[in-house]
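Before anything else, here is the set of structures, which you'll find just below.
Both of the next two complexes hold chain A, though its partner changes from chain B to chain C.
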Partner chain A sequence: MTTAILQGQADFGAERHQTDRAGYLLVAFFALPFFLFNILPVLFGVYVSFTRWSIVGTPKWVGLDNFHKAFTDQWVAVAFKNVFLYGLVIVPCVTGLGLLFALFVNKRYPLSGLARTLFFAPTVVSATVIGLVWVWMLDTQYGLVNYYLSFLGFDDIPWLTSTRWSLIGISIASVWWDLGLAFVLFLAALQDIPGEIIDAARVDGANRWQRFKHVILPHLRPVISMVVTLQLISTLRIFSQVYVMTNGGPASSSSSPIHYIYNLAIVRNLFGYAAAVSLLLFVLILAITVVQRFLLRERA
Partner chain B sequence: MMTAWLDQKLEARGLERADLFIWPLGMAIAVLWALPFVWMVSTSFKFPGDVMTKDIEWLPHRVTLNNYIKVFDYPVIRWGFNSVVQATVSTFLCVLFGAMAGYALARMRFPGRDTLFYVFLASLMIPTEVSVIPLLLGFVKIGWASSYQALILPSIGNVFSVYIFRQFFLSFPKELEEAAKMDGAGPFNLFFRIALPLARAPAIAASVIIFTLNWNNFLWPLLVTFDESMKTLPVGIAAFTPVVGTQTQIEGYSVAMAAVTILSIPSLLLFCFLQRYFIQGLSQGSVKQ
Partner chain C sequence: MDLTSLNKSTFALNRRTLLRSAAAAGVGLAVPHIWTGRASAANPIEIVHWSWLSASDGEVWAKMIAAFNDAHKDKGVQIRMEVVPEEQYVTKVLAASATGKAPDFGWGTAGKSAQLARDEVIIPLDDLIAGSGLDLADFSTTSIAGSRYPKYDNKVFMIPMDLMSLQPEINLDHVKEAGLDASKPPLDGDTLLEWAMAMTKREGDKVTRSGIMMTGSGVQPTVTWGIVAEQMGFQRASDDLKTACVNPDAGKAAMQWVLDLFDKHMVSTRDVTDRYKAFGTGQGSIFWTGPWTLAGYVAQKLPFKTVLFPKIGAKHVTYLEMGGLEFYKQADPGRHEATMAAVKWLSDNSFLWTTVGRGASPRKSILERPDYKTAGSPWDIRGAFVDGMSFATIGEIPVVNGPNFTIYSGGNFLAKTLEGVWSGQTTIDAAMQQIQTQWQSDLDEG
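After this line comes the complex of A and B, so read on.
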């Protein structure tokens, strides 16, 4: 990561001793809102997590109470368990389908530009669109999905209204929404593979599967690792589609950490506790990022 | 004879026989992938009585605009106005400030420059959701909840914009700058007169992507808007769900689908016309890391 980003640094040899003071001013316009509204709140949040704070009252220092509470709160456990299950469904689907779709579009068939547009389109619309469209698609009685599944002999599945299916229902919508980014990243990586390498393998008599396994896949390793990490993190942060489609229900069966944090703060007015739970989520996300960086470095 | 001719044809396109099967299958999946949008639009033009039925009509046998009219019983114009203000102002500031910072980080020398860039990059590891609760407390304390400042300010510091411009300006021809410097242009002149006008491609890429993010932003506007009149379009229209609000049970899915059709039009149009920039920007912004 660093080498690619810091290249170009050496261009300044001749002017080594010169300092462009205007540089500070040019950066300041961005840096000011960035530190005020993106960094400061995180530090403030650490303080908030050690207090009991409702939105109107004054904060009361409670030490580690909120964290103690979080570790024994069964709904925190449920939310984190759910998000683990979401990850188990969404991450492999997005990665696998994204790669398959990218391999297809990369082939430059007739109309592959159209296919690219169609595969990417859901990613650009808002969670509200995704949520409402899929609430309707997955409607138990009149939804399209159950209608077509009935031809395959399935009974009506209560996708969003049963504790058993709600996670799956939301996952389907999430895969549809999230796939575009993975797809585009895979497509860009595929287009970076020199065509001659693949042609050479073909001339040597490698079939499609062998070419994929021995030529294409090794090139894709870093992108796959990146897509898995990005998708894992974005799944840990799953909220809007949950909020729109089930509001975490029924009986918290589809709730997620952010959804629980939202409820703690907005519905129950427990801002200190909400901040503590969001710090726990942050630590989890940070750990995943660090592990991925470490694994990438090991391999390189 | 026939197969030899076929093989030759395929060979010329770099294809194999298996592609004769893969191509239609892949195209069918691509069309299938877009069907929820088709169903959304189709439902939005149906009479409510034709919606909740077991007869699936992809093309409704009779259509109405009534659902769209009903959507406007809710303050969607106000929500739309809020969304436009929020998304355009914060995107404009984010792209402009990002270009300035990206330029300085790529082309100027000053102590702390690289540290600053590392801090920007490292902040990508902080999910926005972590800062949302304390940010809300802060905005409430200073009396800015439910305001345009609250909707706009936190979206300006999007590092993606800095990153895209820095990448671009790293490979910017030095000669142009030098010539301008000879003429005695100061750094601001240099940036606004020479560098920025040539940075069209990264500016469009950053703008479309950041605009889409801002237009679709959900959690923060949901938290910070207590007044119905300050809601943004995605947050306001989310109330058409059968779960949170009560509207859908009364109005039915046809009105909800009309509402989300309206909501998705700006993003989909922007995407259709500027697809190239979307895809370039996204892959540049992430793959090269």
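After this line comes the complex of A and C, so read on.
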């Protein structure tokens, strides 16, 4: 009996061992490419950030020089300041308008089905196309936006050609492009709220605003947190619109860290320095995300 | 049946099957390559060419390549052209070179490839030229001088294909409307401003049509500053490439000259996003640009003529850009000879390229052909780009950080620094100080 049990345990052990190996093998189909094409390049990027390298030849170790240079480079400061301003404009607008449009569509007013399609449509268009279209829309002399604003008595606004307005011009295009995803996420969350809770609040005498503030909004907090996080990350990585609409100008007033990194690496072949600036951006994104998730989770 | 044994055998079978499948897949993938490799030995030599020409000049260049392939259909050599975006061109060449898969030859700009020469990505061509029979004496002295890099044994690194200069194109409808005489274009700075003022249109204090086509940032104000500054006596680098910003006061005066176009004379507006489209749609009257615009404007029937760049300062100079073909280092150096033979053919047969495609020919024999002035676009619009080569001398600074000195750029160090001046965020003195510091450090690096 004891021998049989021991034999059984031995068989089980051998089987488990083999099953484990099968598990590793199965995971390897994902893990290996992920390591090769995601983790390894990131690690290589970290290494490159401590070197001077232009693809050809061996990277030359320069220690912290690239980081020191980044902290004293005025264009890096401008790019990071700009991305902060982009965040201040784009994130609240996308979150607020996305929620507003979702509330509208969720009410199932006439044409809300069409509105749902229209609100989401820009998301499926590529950023390049969005950029090209908005360059024409925001043209100072012949753009549609200024044309309609002129009926309201506004002078022509140099949306993309002035240091004062270029960031706003790009933000308008970005909000229009990013709105769709936020809208869909909010709409899905709204449709998940049990109708009974809202009905109960109504029976208890809560008016529309009170129902929104005390019933709907608390249910939406996890989604708000997610939308803000996603939008924040997306804004910190803003590139295509900047590249297509202003190429960072005038006078770097609309440049962004990714746009600057692109110029350093692809145009000027300063891969070591570009990697160092990328690493700074990575740390910034990580820090903001952690803080912001912590703050919103605390209240949820 | 024992389930444990079933599982074990299934696992063992799966693993074996997996290994077998992987091996089979590997062999399956490898076999076509092995087969192709054998087959390719029987195929003609295929020379790989990368080009970044994508506008109307790209179409003409494609015809040149097609003509070569037609002429060599039965001679065992063909060119395969691949178009790579200009902005990513050097990076892609570097990456391809690092992996041993560089194209055989590609487009380059004189003076801009010092880094590639230093890293031995492009090769010196002196010996190959001598062996191919390409007659260097038939090329203009300027073009061959511009193809050399003094720091790298003064060797020739490029076969010049065309010479381009920046000259003003003038909208003839606007000239007529302003009562000006198109046959007597402005030759100096004062007359240029008179013409610009006569053709500028304003609503209140807002310029709605620029007498001089300008943008608030990017290439146009940068290259304008570069030309005017050199005309006023500024030099980006001394002749021995040791001192940056010779005569900085002239550089500052040129910055003021550009600023005055916007703010004092009010003949230009900063509110133009696309200068090519703007001139093509009549939003500007005088537009200094290169010969690459001709085919497009002719096709859209824009009424215009091209004149010589006026003498605004003491020296009559304008921007020069020389396009040519560079050879990338190959694992099999034997390929270079075949490439040289192909490039020689393209150079010898570059009549179409230098009459319809882009700028003036660097080849004396082509310039002297009686039909050179009558071929391609009318001489009225093409002539200034050929005649103007006599004073087109503002080229590139042949150092590794040469791109920082380029005046025809919308996003390099120079353009970004000057944008601060155009937008009023930086003073002229501060900008010149920044330029001097950066350029001196670039020259010191060599």
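To be clear about the criterion, the second predicted complex is superposed on the first by the 266 of 300 C-alpha atoms of A that agree within 3 Å, B and C clash if a C-alpha of one lies under 4 Å from a C-alpha of the other, contacts with A are read in each partner's own complex, and residues count from 1 in each chain.
Assume a contact is a pair of C-beta atoms (placed from the backbone, for glycine too) under 8 Å apart; a residue touches a chain by one contact, two chains touch by 3 or more.
Not measured: the values here are computed from a predicted model.
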Could you say whether A:Phe104 touches chain B, chain C, both of them, or neither, answering first, second, both or neither?
-> first
Please determine whether it is chain B or chain C that touches the greater number of chain A residues.
-> B
Contacts of A:Gly249 with chain B and chain C, given as first, second, both or neither = both
Of the partners chain B and chain C, which touch A:Val135 in the superposed model: first, second, both, neither?
-> both
What is the contact status of A:Ile233 with respect to chain B (first) and chain C (second): first, second, both, or neither?
-> first
Kindly classify A:Ser162 by the partners it touches after superposition: chain B alone (first), chain C alone (second), both, or neither?
-> second
Can A:Asn263 be said to touch chain B (first), chain C (second), both, or neither?
-> second
What is the contact status of A:Ser54 with respect to chain B (first) and chain C (second): first, second, both, or neither?
-> second
Could you look at A:Ala22 and tell me whether it touches chain B, chain C, both or neither (first, second, both, neither)?
-> both
Common interface positions of chain A, toward chain B and toward chain C | 11, 15, 18-19, 22, 55, 135, 139, 141, 247, 249, 265-266
Okay, in this complex, where on chain C does chain A touch?
-> 4, 7-8, 11, 14-15, 18, 87-88, 90-91, 94-95, 97-98, 115, 119, 121, 206, 208, 215-218, 270-274, 283, 403, 410-412, 416, 419-420, 422-423, 425-426
Going by the contact rule at the top, pick out the chain A residues touching chain B in the complex.
-> 1, 4-9, 11-12, 15-16, 18-24, 26-27, 29-31, 33-39, 41-42, 44-45, 47-48, 53, 55, 101, 104, 107-111, 114-122, 124-129, 131-137, 139, 141-142, 144, 147, 176, 181, 184-185, 187-189, 192, 208, 223, 226, 230, 233, 236-237, 239-240, 243-247, 249, 258, 261-262, 265-266, 271, 274-275, 278-279, 281-282, 285-286, 289
Once bound in the complex, which stretches of chain A touch chain C?
-> 11, 15, 18-19, 22, 25, 54-57, 75, 135, 139-141, 156, 158, 160-163, 247-253, 263, 265-269
In their complex, what parts of chain B are in touch with chain A?
-> 14-16, 18-19, 22-23, 26-27, 29-31, 33-37, 39-40, 43, 51-54, 56, 93, 96-98, 100-101, 103-106, 108-111, 113-114, 116-117, 120-121, 123, 125-138, 140, 153-154, 156-157, 159, 161-162, 170-171, 174, 186-188, 191, 212, 215-216, 218-219, 222-223, 233-235, 237-238, 240-244, 253, 256-257, 259-260, 263-264, 267-268, 270-272, 275, 278-279, 282-283, 286-289
